[in-house]
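Both of the next two complexes hold chain A, though its partner changes from chain B to chain C.
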Partner chain A sequence: MTNTSDPALNPVSSAPATPKSPSQAPQKKMEQSQSQPQPKGQKPPKPTKPAKQQPPKDKNASTPADAAGGDKLSPAELKKQAKAEKAARRARERADREQAGGSAPAGGQGPNTPAGKRGSDAAGGAPVGSSKGQKTATRRGSAQAAPQGGAAAELKKKQEDKNVAVFGHLYGQQRRNTVAGAGKEVHPAVLALGLQLRDYVICGSSARCVATLLAFKRVIEAYTTPIGTSLARHLTTHLSHQITYLSTCRPLSISQGNAIRALKLFISSIDPSVPEAQAKTSLCEFIDTFISEKITVADQVIAGSAAQKIKDGDVIVTFAGSSIVKQTLLTAFRQGKKFRVSIIDSRPLFEGKNLARTLASAGLEVQYSLINGISHAIKDATKVFLGAHAMTSNGRLYSRVGTALVAMSAKERAGGVEVPVIVCCETVKFTDRVALDSIVVNEIADADELVITQEPHQLTDLPDPAATSQPAPKKGGKPAASNPSVSETTTPKNNGSPLKDWRDTPNLQLLNIMYDVTPAEYVDMVVTEMGSLPPSAVPIVHRMSTNT
Partner chain B sequence: MSPPSAPLTPGLASFLKSLKTNPIDTSIDNLISLLKRRQIRHSRSCATATAYLLRSVVSACRTSDASKLIERVQSVGKRLIAAQPREMVVGNIVRRVLGLIRDEAEDDRDGEFNLSEAGSESQPQTPRASDDPSDSLYGRHDGSALKPLSSLAAHPISMFSLLSHPEPEHSLPGTPGSASPSGRSPGHTQNNDIRAEVLDGINEIIDELGQVDDQISAYALDHIHSNEIILTHTSSTTVQKFLLKAAAKRKFTVIHAESYPNNHEATHATVSGTATNDDELLSTESFQKPLIAHGITVILIPDSAVFALMSRVNKVILGTHSVLANGGLVAAAGTRVIARAAKVHQTPVVVVSGVYKLSPVYPFDFDSLIEYGDSSKVIGFEDGDLVEQIDVQNPLYDYVPAELVDLYITNLGGHAPSYLYRIVSDHYRKEDISF
Partner chain C sequence: MATADPRLSKATEPFDIVATYNDLLRSDPDLTMPIAAIEALVLLLTHSPSSTISETLDLLEKSTTHLKKSIPNPIGLSAGTDLFQRYLITTLQRPGQLGPAGDFNAIRAHLLSNSRLFIRRAKESRDKIATFGRGFVRDGSTVLTNGGSRVVASLLQRAADEKGGPSAVRFNVIYVLSPPKRNVENTTAEPEGLETVRALRAKGVPVATIPESAVAYSLGKADVVIVGAEGVVENGGIVSRMGTYQIGLLAKAMGKPFYVVAESHKFVRVYPLGQYDLPIEQHVIDFKTQEDVDTAKQQQPANASSTPLNDSEFHPDAVDFTPPHLISALITDSGVLTPSAVSEELIKIWF
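Presenting the complex of A and B:
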């Protein structure tokens, strides 16, 4: 769930105009007295209406604003003041709603919209958002959840400074770290899935989609319609809770959104007269067919047709670890084709490592380099195969950050010979959204993932009891910085990265975006289960597949 | 080969220290091994080490003949270049020293007509230059280095006297014992004077190496304006100084690509301002305030996010490893895609580089310029099973073609890439380009 006051705060706190908030301690003080410096720190484009912008930025702002506006009684001032009060009330309501924990605004389409978009809508002061908030606040304002929400807000205030201004609209609420605070409606399978998604245990657009659908299948199996409602009506709301929980763990992928949309459409089409058991069976069947039709079989079809593009002696360059590209390469290899694969990988996820491992153990000839070696890897490439997170309606490829660099290098090779860039993508990943650059639509991952943590090197045989107990809880990308006790007990001289304290370093920001947008002119062909298309055909195919 | 007195890790600092005490041939071997083992890495460190070594070589080489001096420097230079052919600054410094010697020799030939006796009264000064190689190290900054210059002005050397006085003593180039100050004969004044001139020139080169970043940063305010978003890559001190200079006057935002895996640690340290323990960097730089201390917002990104952010970037400022005469450059791996992405987004690319990095090399085989590094930085030893199966590559450098660069800023000012060949011909003599 998005914190609505958050995006509005970002431009101020992270704008270069306020460099005098060096440490976190005075930051809190500043929050209190923010009504004065605010007009100064405002973003340059709209300095004319500071009073309007002021209140949603700070929950405590209503009183200072009153005091400031009290002496002057011009009608305009009064109007402004009234507006400010109203906005402050809204902000308070939103805060209440936020404190209600992970619960979502109820309603059909709400959870489907990605978090970032919803956040910017609400920041605009849309009355829809506030009324929705009111409703949920009354419904779920439990006293027990309140202090926890307050703590979360506290934490956020500390980190406000670290949001990159350009991407301000993408910073939602901090990702959920535990299952605590999740609604009681959330099914255990979904709870587990949420954590797996967050930790990138389940990673990749199709995998996330399949895992979500399978979890929802279990939700539906365990579901009983409460007395007094019909399945078609209530199940949708029930699923919405699950979906909201998932989106707090990690913003939903396009494929997840598409799958959920299809599922909801199917639920709403169920005749209320159908008995519950039968409806549930048909729903499970629908999920199974959806998975096999849109993903499993689609993958086989794509792998088959993409493998035909591989010829003997080819050098295939791919980026990161796409499951469909892996399948394609393995299919081509099983067909007895002789080719070489060059994998380009990037920090911090290193998804290509797994791909390299799989391909190498299958017997392919694999070359591996990081993103700094693109221009060397691309030199003797004959084809580039890329996976996709999504294909936008304007034909652009929305995929793991770095994909655009690979596609660009392929198209602008020094020799002048262009390397064909082939994207493998199921139609379930097509979306009607459009994107021109990678800034409007994106996902911000935890910047701490960029901080390099060195595993404590134990060279001697005698294990330090403190040290041996530590490596276990430390997982993959989780940095030591997030766990202060660990970093303190390990030897202070081996403190690893100089970025360890980046959150306490003023003016230093880390940016860890997940995706980028590759221009359509870099993509020669999109291989889908419906055939091989140019990127310009994406909107047509999308319309076809959603209308049927 | 490292000196017993120096407990330092092998590198520039230990080399310069050992240069004072070790005989000249030991020092040459020492530098060669340092270059071969890549214990001296940065192009400026290489250039500085080469310049100091050549100064010792010249001051130790007690030949009477300019051509013999050239021969000696050439032979040392060849060995250094063979030790690390991709470190082009080594060759550049050798070429500049050769050019100095030739210039001096020609000046002498020109001055043939104001021939005067090789005065014996200048003899007291003769031991100075070749007294002890370390002497000149100590006395670099006081005025003592200027003394031979005045003696030269008083007694121009003539070609005639050069030829008419065959070398009586056997201080052949390469004899370690030739560094001893004994055994002077009055007939050598003029040789010492030519050497003093050359030594002066080398000192100027060394001074230039020390000042080059400051000279470049003087142009910073011409190129960075307020509220700009600047993208840079690697922890190049030249770029950092350039940005710092601008930061003193203007507020802008820096996006810093971390250049994983070869330079990310230094980049992180540069960005966060934590003290580097890199002994190759000279001490003044490690005491420098980082950009963030000047109120500049620095955003650190992984290299993969360059394309995503390029649409917001106003200018790309890059450091380089060496610059080629055709305007292309050899820079840290990853630079090429950054420059390419900038070109795609119509963002100007500015390369800051000292003139000493400018190499008279026209590249035909780009692969020969590229050095490959430690692949364990890409996949660590914990993934040993994987490394056995696959081919891991870690290129250290990229060749960036000239058309991707919009502007070069050197200590001489700003130049278009197409103009660089002119600067090359200004700095290196034709006969030295392939010595």
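Presenting the complex of A and C:
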């Protein structure tokens, strides 16, 4: 499931090259969240208390409280504070977890007092951090800005569990909102990558894998072995810091895990007598070959062999935006095959939109619909092409949520005979894990992504058309009559989604699950760079590709 | 390809691979298509004066494509040619005296002797299969089979031979006979498999012959279905003579085990997604109106008199694809495999 066609470029691009121009609000929010660890670190339980007592006037109430705290503490020695930093970070993470997404009391800190301390505190990450603030100005950053202010404070009051019980084990740690608190070992390129991963700027299993490897390449380039240790031993731990940071931004994908494992294996196999410069060069070469062998060239091979399966007159159904499926379809199109593509997409990521645009501008005939319309889209389908996040050892496909539905619709349509389901997947995405359902292993994204939607431009019941159309027929009519309706309709619009206050609404839980598992029976063929396989052959190929 | 053909025919003028292949098939009734293809390629190598590795491989490549193009259904054949090519490449890449650095004449001699060994082993595999598959024919059971598969025949005969031995097997056979290949030369050809029927009856095995239309009717009396295959494809399904797929479907519907007997040299690197995804052109379904029939008749009035209807309605060499989920197990010379193990075997050969 990839959006980024050239992921290689993204992670290393400098911070100002953000995909979206930063808006005002997220920047502000970023400042707040950056300063957030400070007061909390000093007094972990404190921020929650004032919020509890005076929920409606959170901002006003907490500001004096925090300011007072800041006053009390500012005379305290900086030395002691630095010592307490580690414990503070831990406490903050705990607090974050409790809040379940609402970084609420961060709202009103005395901006002056902590600022000075922050400088000393976040010394290493500071310059990067400020630029990173703009990065969050993507979908997710702006999405969170709204509910955090007021809603999260009230959450404290109710303390209702907003985690869906069945998936309770998946919530774990709240995703990182900021680079603050990241260890000083973490390389700036990795800091940037982490936030890009978190914001889905780099999205899709292979893209994430490539981006991680490229970032690690820069880490290795900037790395010097400390005196008294060997590269083979120390670099692994050094990388582990980067990996830990990345995994707090977004859980690592299977492909990332496999790539990291291969890299670590290679590092540990480096002879300690090899000079450092030479070892670093060979490591960078290893990363480059890994990327080209396992992903770039593999993608070309897969696209070539999968395109052979496309015949004239086919109607290809695909789900979301897999880069490898895109490549396959474009390859087949370039071979002069005449076929139609029907893209099924889903909220909240809408990965299929990019795919639809790319294919359409390439000249293909594209139909775009959401997964709600699957039964119609599948009616005239002749083949289904799917991308993969991972293939598990029992032959099941672990992919963007909704994939299983598409595969099932194709298989159940006509007894499963007519619509073959073809999965395009590099072997780097194979795992020796086994997935029996999509509950045990999965990823939960921020539920707020489900809430925020762009209001479509409505022609009816909206102020603008009402104001313009009504006076037109009746010149001197009743403009007054339209006014109340205007005020009625504008209020919900300004409020955004009816679910906006879901955190305060009792008995309401939101679930934004990322993946699902497609049974092996629904998959006819897995196209890999090592050939086409039935799903049952996944473990064999995985064993072979990892051993050699 | 079309441009390469004249050169190719010139190069292989002294040696016609297609004719050799067909001769081999005709001369030895026990020969399967992949083995005939391999044998033809070995003969080609002995006749051709190639002196370098790349020349050899190039010649092999060209002859293979030529052969594949000249045969209407190259699926079974390509299993053999692919295997042979793969074998050659791995032998040539192996380090040592016979590797790329070695003396080419020695390599060639080695290749040829090994290729013969390869062919002999492939022929022996039928016996091996019979040993493995014997246990599937139980005492008192009724076996339903079809076609003219030699492996099935040898398996059944092996089972019948045991009669009176320590593991006396008494079994019945229901043999599905399809209409014979009838062409201009011999209009009185007997259906494929009748020979096996006679051999089995001679051994005292009661055999009933039924037409293809009676499979569903007879399947209730059968305990097990054993069929042969022309090629075993990557997903564990089989490409086999027309009519096997429907037997498979019926066996599945009736809950009868459906076993496929095939040598492992029939494993072919093809991955069909369905009946119409086979890499060959078949015109089994041919829609016609009366007008089309009339014009066809007018065009060839001389030939039409013989058997016009049979020509158009029956395709003796047509094949269908039996998907893996209908197959209970494949009895091969590398053991009894589930369909999903076929891809494992194929991957082992290819990587």
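We take it that the second predicted complex is superposed on the first by the 342 of 548 C-alpha atoms of A that agree within 3 Å, B and C clash if a C-alpha of one lies under 4 Å from a C-alpha of the other, contacts with A are read in each partner's own complex, and residues count from 1 in each chain.
The rule is simple: a residue touches a chain if its C-beta (ideal position, glycine included) is under 8 Å from a C-beta of that chain, and two chains touch if they have at least 3 such contacts.
In this text, all values refer to a predicted model and were calculated from it rather than measured experimentally.
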Using the superposition on chain A, tell me whether chain B and chain C clash or fit.
fit
Considering only touches as defined above, state whether A:239 meets chain B (first), chain C (second), both or neither.
neither
Touching A:353, do we find chain B (first), chain C (second), both, or neither?
first
After lining up the shared chain so the two structures overlap, which partner does A:402 touch, if you call chain B first and chain C second: first, second, both or neither?
first
Report for A:388: first if it touches chain B alone, second if chain C alone, otherwise both or neither.
neither
Does chain B (first) or chain C (second) touch A:525, or do both, or does neither?
second
For the three-chain arrangement built by superposition, which of chain B and chain C touches the greater number of chain A residues?
B
Taking the superposition as given, does A:444 touch the first partner, chain B, the second, chain C, both, or neither?
neither
By the touch definition at the top of the document, which applies to A:231: first (chain B), second (chain C), both, or neither?
neither
With the two complexes overlaid on chain A, what is the closest approach of chain B to chain C, counting only CA atoms, in Å?
18
Once the complexes are superposed, what residues of chain A are shared between the chain B interface and the chain C interface?
none
Chain A partner, complex, touching residues on chain B are 227, 251-253, 258-262, 264-265, 268-269, 271-274, 291-293, 295-309, 311-312, 332-334, 336-337, 340-341, 344, 366, 370, 378-379, 383, 386, 389-395, 398-399, 401
In the complex, the residues of chain A that touch chain C are 309, 383, 417-418, 420, 422, 524-525, 530-534, 536-537, 540-541, 544
Quick one: in the complex, what on chain C touches chain A?
234-236, 269, 271, 273-274, 277, 324, 339-340, 343-344, 347, 350-351
In the complex formed with chain B, which residues of chain A make contact?
14, 16-17, 19, 164, 166, 346-348, 353, 356-357, 360-361, 365-377, 400-402, 404-405, 408-409, 412, 414, 437-439, 442, 450, 452, 497-499, 501-502, 505-513, 515-517
